[in-house]
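Going in written order, the chains are labelled A, B and C, and every chain counts its residues from 1.
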Amino acid sequence: MSEPLVRKSAKAVLVALITISVMFPLAWMAIAGFKGREEVLRSPFQFFPDMWRWQNYADILRDGQFSRAMIVTFVGAVVFTVLSLVVNSMAAYAFARLEFTGKRFWWVYCIMPMFIPAMAILLTSFVVVTKLGMLNTMAVLIVPGVASAAQMFFLRQYYLNFPVAVEEAAMIDGANRWQIFTRVFLPQSAAPFVVVGIGSYLAYWNAYVWPILTITDPDLTQIMQFLGTFRSERGIDWGLLMAGSTLASLPTVVLLLVFQRYIVSGVRISGIK
Amino acid sequence: MPNRRNAIAMVISAVMTASLALTGCSSGDGDGSSKNGTTTITFWQQKFEDYQQAWFKKQVDAFNAAQTKVKVNLQVVPADTWAQKLKAAQAAGSAPDVQTTNYGNINAAAANGELAELDGLLPASAFDDIKANVKSFVSANGKHYAYPMLVEPSTVLYYRTDLAQAAGLDPKSPPKTWAELITWAQKLTTSKVKGMTIASAAADLGWSSWGLQYNACGHLPVADDWSKANATDACYEQLLQFYKDLYQGGYMPKTPKVGYADGSPYGSGEVAMMAGGSWVVGQLKQTFPAMIAKTAVAPFPSMDGDATKPTATLGGWTLTVDAKSKSKQSAADFVNWLLAGDPSIMTDFFKASGYSKYTVRTSVDQALAGNADATSDPFMKVISDQVVPYGKQEPAYPWDIALAFGTAIESAMKNTASVPDALKKADSQINDVIKKQSLAGTQPQH
Amino acid sequence: MALLESARTGRLPAETVAHGKPRRRGKGRRDNLTAYLMIAPMAVLLGIFVMWPLAYSLYLSTFKISFYKDPQFVGLQFYQYVLESTDFWHSIWIGLYYALIVVPAGILIALFLASFIKTLSKRMAAFMKVTIYLPAVVSTVIASVLFTFMYQDEGVVNWILGLINKAPVAWLNDPDWALPAIAVPGIWLGFGITTLILLAALLDIPESYYESAMLDGAGFLQRLWYVTVPLLRNVLLYLFVTGFTLAIQMLDLPLIMTNGGPTGATSTPNFFIFNSFRDMTPYATSFSLTASLLLFAVLGLISVVIFRLIRSDKAVDG
């Protein structure tokens, strides 16, 4: 079954158009990393540098603080993502599939945080983590954000879509609810886990204000904190900022390449047409 | 078997997450803690130009190396998160012992009891060294709450001598009145280069126009005792009209890339003239050295050409000691050493700034007088002789008032309201701020 | 707060969302212990890091906050001040306007792209799944800077306008254009994840549904409307609720691109709150804290409405 040539080439054109509109800004960012400090700002718009300078990239790669920040942030982001998937998927399953006393109350309790603006609890959460003695630890970066209403909500919506029949079949086989969750639901969760997992990972990776508030130990400096050092109200080192941002986005791109293949069909399994 | 294992797994996962919250072991900031006779104090510096961070680091290292009684822990805090970080720390009772505070915030912070009184902590001679016009900047109710570091005029005119020449204008006699400035801007505007750049967003206009507000009316849009707004005075209409003419005339970029404080559009040659703070001198020297030879500075034009009227406010940094600091004396000792001690420490700073900032101490002035670099700097001479002496103190009233007036200017520039309507709206907003924040009678008493 | 209130009285929004479809077998069966253990980690963490701070913030909002002097109890005075502030309501309107541009447009584009990617060959699809997500990898800061460049007087956008003989527009400095102009990077940054979510959901719809619809003679749009959209209801509810809450709370784009201007045209609620917060006075701290708590109430109300509009209380029967 080969597609008609017209349709095939139309598709190719569309793919190319989408790719260009998406890649253009990224390419600009990466290329701006080769420009001089003031060259980036130059008007009218110029895509390529006058001269390709490796200086910015070399400077950043040579900076021990950069590589340390990358490693520390990466480890934090991975731990954060795994923990939040564990915590939120359990709650999501309970809300999607179980009946229990006080469900309405707990549902509102767990979903409400999604609507709380960060500024409403910024000062007071800082007071809380200070009281808990968490300042300047990895825990302060990871733990407060692990329980995520949005992620739980997403997974619950996903689990709502699971066919009831599968669950019933497992129950006839004598499985309890926990076993159904771990043996039926979790193995089918790769796609939603990848989608929200990348979201969590990026949320951690791009966090700026919270690390600045809670981390003063240079060994724990996060990557956005590090990149922030190139910016100030009185002049920005554009070339360095762009080069740094480009390098900082590489791990995420690699993760995407690795995990994209899990975003495929897979939920509707045997027994369903 | 599987049942038991699963139950255990569930309990473990529940306990693990709960306990993770509690196991975070704090290494602590060591605020004001004493160890082996060494007192550690924290010092937060708001991030500014790169050379400032470098200078502070160098001096703090020198201070720490020179003695063992006090150890200063320097932390650079980005400006965009300063308010959040400081207020959060204050809420948790962990504010830094020493921090950078700008002149405009001293009065409110002192009134709220945030700042330690410095009179007993620093020697009297330190305060005697402060120039007379700046002394009032750092005091409230007759007491000193901050030690000043520098002043920098908020508004100076930068212009390209080569382009002026090419446009048939005399670079030796820069515009003196607002009308002349508009003529210059018009003549300098070409298809590639705009004639002028000045603030055009309310948040920038709010503070950068203070000097011109004084220039137009001789006062700010609030009565001296902060009891009511004064924004509808006819003289302000001329001020708004001036901004409007520059913007509507098409003499300035309509979509600025960066804020007022950043001089890079001028540095990269996109505009022929710029209203900018004196700090832009430093930026030009560091980042756009090629522009220096083609650039001249002049006091910003005055409404009617009277060069003795203020055109700029004198902003700048001071260091303050937190009222709750456990080591006030050690903190003050550090401030005294850095800002009020050996004049060569501060001359080193002004040198690093490319002489784009101005000293507040008589003794540092004398030290700079013997410095050939400083005395021969063309920009420095114009600014310190013709701008600084007429510069005004930044207002201590809440930012909401400044923002209301900045919004009025912006509305006029962008034609979203007529000049009188914009002022009327600002007037009522300012009165509202005065009422809600109970400002009447709370103006600074020096 | 609306949501707490509704939790107590047990009406909105729990009524519409909390119940799974009653099971055909084991009706009335409850799994209290399992359920509590499964939500316990989340509930405990939220309790410590969200509810405790929230309660503390609500308490603080009844004071003129000072961390140095004895704070002065003022009751609900700051709530009154915020509710009286025309700038606050203006910012809510701006937030809604922004969300109304970004959310539907974003979801439509994403739905189109996801349907498109689904038709591609495996290798092409893999390529697109990664490309489409790349904008999200760029931080908002970089995106803001980049789009600010494109909107310059002599930027790419005005250059294209020039090609069709239109006068240049001061995109970011024209009160009518500024908000739509910053909405574009808003859409650009968000459509990657939306597309992936929709793609994952689309791939779950059995081909047989489409085949039978095609046998009935349904065209592409009919299939989209009668087959795809109803089956995506659960996911769409999620996208609308989170999309709106996130869009209304947008801060970075107006902060970096327009500074809330021109004349407040892009002053989103969080920008307004952030701006009031920047002043170092106790009044400013209390005012912005109260404003953010009221924004919370507004967001909660909007989501209750969305929850009502898109009923998503059922497990889909296979």
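By definition in this document, a contact is a pair of C-beta atoms (placed from the backbone, for glycine too) under 8 Å apart; a residue touches a chain by one contact, two chains touch by 3 or more.
Worth saying up front: this structure is predicted, and the values here are computed from it rather than measured.
Colleague: Line, ring, star, complete or other: which one describes how these chains touch?
Modeller: Per interface graph, the chains form a complete graph.
Colleague: Looking at A-C and B-C, which pair shares more C-beta contacts?
Modeller: A-C
Colleague: Roughly how many whole angstrom separate the Cα centroids of chain B and chain C?
Modeller: 36
Colleague: Taking the mean of the C-alpha atoms as each chain's centre, how many Å separate chain A from chain C?
Modeller: Chain A and chain C have C-alpha centres separated by 16 Å.
Colleague: What are the residues of chain B that contact at least two other chains?
Modeller: 10, 13, 17, 21, 84, 87, 91, 93, 257, 259
Colleague: If you look at chain C, which of its residues touch at least two other chains?
Modeller: Within chain C, the residues that touch at least two other chains are 34, 38, 41, 45, 48-49, 149, 152, 155, 277, 285.
Colleague: Would you please write down the residue numbers of chain A that are in contact with two or more other chains?
Modeller: 43, 86-87, 90, 123-124, 127, 129, 132, 143, 146, 176, 178, 231
Colleague: Contact residues on chain C for chain A in the complex?
Modeller: 3-4, 6-7, 10, 13-15, 17-21, 23-26, 28-32, 34-36, 38-39, 41-43, 45-46, 48-54, 56-57, 60, 113, 116, 119-120, 124, 126-143, 146, 149-150, 152, 154-156, 188, 193, 196-197, 199-201, 203-204, 206, 208, 234-235, 237-238, 241-242, 245, 249, 269-270, 273-274, 277, 285, 288-289, 292-293, 295-296, 299-300, 303, 312, 314-318
Colleague: Give the list of chain B residues in touch with chain C in this complex.
Modeller: 10-11, 13-14, 16-18, 21, 83-84, 86-87, 90-91, 93, 95, 105, 108-109, 112-114, 200-204, 253-255, 257, 259, 323-324, 398-400, 403, 407, 410-411, 414, 416-417, 436-437
Colleague: Which part of chain C faces chain B closely enough to touch in the complex?
Modeller: My answer: residues 34, 37-38, 40-41, 44-45, 48-49, 66-69, 81, 148-149, 151-153, 155, 170-175, 258-264, 275-285.
Colleague: Which residues of chain A touch chain C once you look at their complex with the stated criterion?
Modeller: Per the touch definition, chain A meets chain C at residues 11, 14-15, 18-19, 22-23, 25-26, 28-29, 43-45, 86-88, 90-91, 93-101, 103-110, 112-121, 123-125, 127-129, 132, 143-147, 149-150, 152-154, 157-158, 160-166, 168, 171, 176-178, 181, 191-192, 195, 198-199, 202, 206, 224, 227, 231, 241-242, 245, 249, 252-253, 256-257, 260-261, 263-268, 271-273.
Colleague: Inside the complex, what are the residues of chain B that reach chain A?
Modeller: Contacts found on chain B: 2-3, 6-7, 10, 13, 17, 20-29, 47-50, 75-81, 84-85, 87-89, 91-94, 257-259, 261-265, 267-268, 270, 279, 283, 287-288.
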